[in-house]
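We just call them A, B, C and D in the order they show up, numbering each chain from 1.
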């Protein structure tokens, strides 16, 4: 057994022992880590869901309706169709004949559709319904369409689209900021807890130094304690957040708020991300916090 | 081996604890440091340990000016010195055994060495029975003896003892003094700050007397009595 | 000066002095209080805004449209109007003549309104538009209306209304739960911090007891410290949250996302509530936390 | 005034620190408690302070069995007793002055009284100059004297001193003993655990010798020497 390894072994042992002998403080630290990360988790999930809702909403408006002129020939129609299919962001192009348009209108009017029977002739033009990959291509596609001949009118949810894009940008940026702030706050709370815990053992650290221990040797067990506290704290947070989310999901499903849950991100999709984020923060801060907090006490 | 050269120590609050100290302590010497309360004995010792820095002057340890040693190298010096602290300085979360073993662990001793030597020094200070007690479960004298055990467990080149018998009854104190003498005979330099007049008087060793931060007496075969 | 008052005075002094002399720990505690409350504040505001949006959305759907039979007399119409006005939750009842209905339809159809010119006669019936105080009265009003004669059809956003009511219930209950959890977590973090801070001064507390101080006497300065830490921490949180909110509000307004800010609750409306909630938690926990944490150390 | 009746104290870890102690200490007496390290002296004192509870037996203080006193009433007992602790127990965040003043504050003394009396006791123990120092800025002997000052500032009916001269040079120790004698002459009962053979021998007072938790000697005009 080399000396280095022997020292490492004794450090790990000391880390565990230290955590156990200061168990009240350890519990408090774990509690703070868990709490801070739980909040982060809740907000993370909330934001992911809001994002999901806006995305799904966006999908409902990502189509462009073009009405063709009455006097257009079948060849022209084919040309237009081929042309459109080449535009960037176009998912599908579906033709709608005059009769189909009337049928759809009748359906939409429902009980008042008999009004349409009073019409002398079918007033609805032939049209194409263009499905987009994403709402963001809308403006481009529309300006391209405007260059084509044979098109009478272009209809798309211009206002709504613009609004949704704006809102989803606001939400996206806002969530990044909020998550950023929350991460900072979590890190702050966790490192505060470690700072206080370390400060409480200032005397112990000083004694070790006076007996001739190197900074590295003293740091070791504290870092291992930090890792342990971080791991336990973040594991608890992951479990609690996941259980809570699944529980809420199930309750909503059972109460038949399916229209709510259909907008919710399934817990499995989130789980891995949350685990990675939490473990990084929990353990990372456990280590960094210990090192930084120890610094001022090691200068003796 | 240890040379104090014009050492002055003034604490932050303006207290001049040491005022121009010049001393030369040879290898293997046995030195008593005496003086009234607040004379500067502990400060002298703390300088050697680099627990405090001198305001001015030089301090040589093994021909090296330790006032200029880098922070990173401080532990190396401390490991060569075994110290019995006036306030014991035991780790509260470690048992008696672990406190002593800790001094060996930090120098990278093997588990085997630790298991062999720690019980020996504990029995030398009469604490075999208290090995698994925590410091707050010990009497004052027992704490002091743990501090002694920790100081000697690594066979240091220098043993510094600040009032090592202050909490001991005369018998136990005698035993501890015999132990320190024995360590000294093996070649360890011993510096001992003490108020135990009878011990100093009976041992007839070098006595350095401090008063108000100055060396007022330095006798090769001295006695405690500082009102010379 | 009575003895009680003298002791109180010395306690207050000691509380301030204690906070100052343990300033590193005090700073860490204040930081944790502020952080925890900031998170609470952010979520509180988020939820208030979501609530606001759903309320405002609900308002857009709180009307019932009733179509009258063709052969109804003017007297009957008056009776119906008077009847409706007495229903609980009815805000206003507005009559719509056949001509008005046609006009509205034309407007709504916009560019395609010429289709309506092809109609032989005005097919739209007379109708009443009933504005409700709140969407929750809808079902009741409708079932009352069904008892009236002379009414041909009742139209209201039944599905949407139901959905919105469901969603807003989910949001309402959800937010209560989330805020509850967050409050618990905040309280937990804050009291953990205090616990650790107190544990670090265990020795000090023991010494005081051994010198003959009563529990009350020892508790005093700690409670005052707790109050101070709580006050400072929550005041900071209030300020930070308010500044941040106003900043976001301004930025959005400047970037012409007015349609977003028009849905946002103005900061002044929230401010007082936030101050009260934060101060209660901050100071309350400061006091309670000190008392509870001290308990185990006072038993000597 | 103080009566120990069949007192047994066994600590949680099974150590029997006191084994059937029977003692009677009258009002105004001056008692030395001697014994080797770990004999049980501090435990005896801690019982009086209710820092530890006896495993069995009765302990009367002013005719009252204090083993049965409610938690809430404990401070009242402690305030009647001035204690010099073996480990000083100074409040680390308070200055010397504040540490002494604290003992007066808790009994509700007026600011005027405090301002008058604290400086007096500080000068009695020779620490006027250190009034604004914090404990970690003091030498061992100075800390011990702060502890003494705090113990006597309230003119207690009983003064308990655990090794009050362990960190003091003979001269300062002599001054402190004179001070304690003076307080005893004013009617205060004094119980003092000590290892200072010369002090015990020269004072010729009652000596209670403990050994392994038992009273092995109780002489009215005794000497330290415990190998009788």
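Rule of thumb we're sticking to: a contact is a pair of C-beta atoms (placed from the backbone, for glycine too) under 8 Å apart; a residue touches a chain by one contact, two chains touch by 3 or more.
Worth saying up front: this structure is predicted, and the values here are computed from it rather than measured.
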item: Taking each chain's C-alpha mean as its centre, the one farthest from chain C; value: B
item: Chain centre separation in whole Å, for chain C relative to chain B (CA means); value: 67
item: Chain C and chain D: spacing of chain centres that average the CA atoms, whole Å; value: 62
item: Multi-partner residues of chain D (at least 2 other chains); value: none
item: Of all residues in chain A, the ones touching two or more other chains; value: none
item: Topology of the chain contact graph, where touching chains are joined (line, ring, star, complete, other); value: ring
item: All pairs of touching chains, each written as two labels joined by a dash; value: A-B, A-C, B-D, C-D
item: Chain D contact footprint on chain B (complex, rising order); value: 11, 13, 15, 34-38, 41-42, 86-87, 133, 137, 139-142, 144-145, 162-163, 166-173, 195, 197-198, 224, 226
item: Residue numbers on chain D that touch chain C, as the complex places them; value: 49, 51, 71-72, 75-76, 78-79, 81, 83, 85, 89-93, 102-103, 105-108, 110-111, 150
item: Residue ranges of chain C touching chain D (in the complex, touch as defined); value: 1, 3, 6-7, 10, 17-18, 21-22, 203-204, 207-215, 217, 299-300
item: Touching residues on chain C, where the partner in the complex is chain A; value: 24-25, 28-29, 31-32, 35-36, 38-39, 42-43, 46, 111-112, 115, 118-120, 123, 153, 163, 166-167, 170, 174, 178, 181-182, 185, 188-189, 192-193, 195-197, 199-200, 248, 252, 257, 259-260
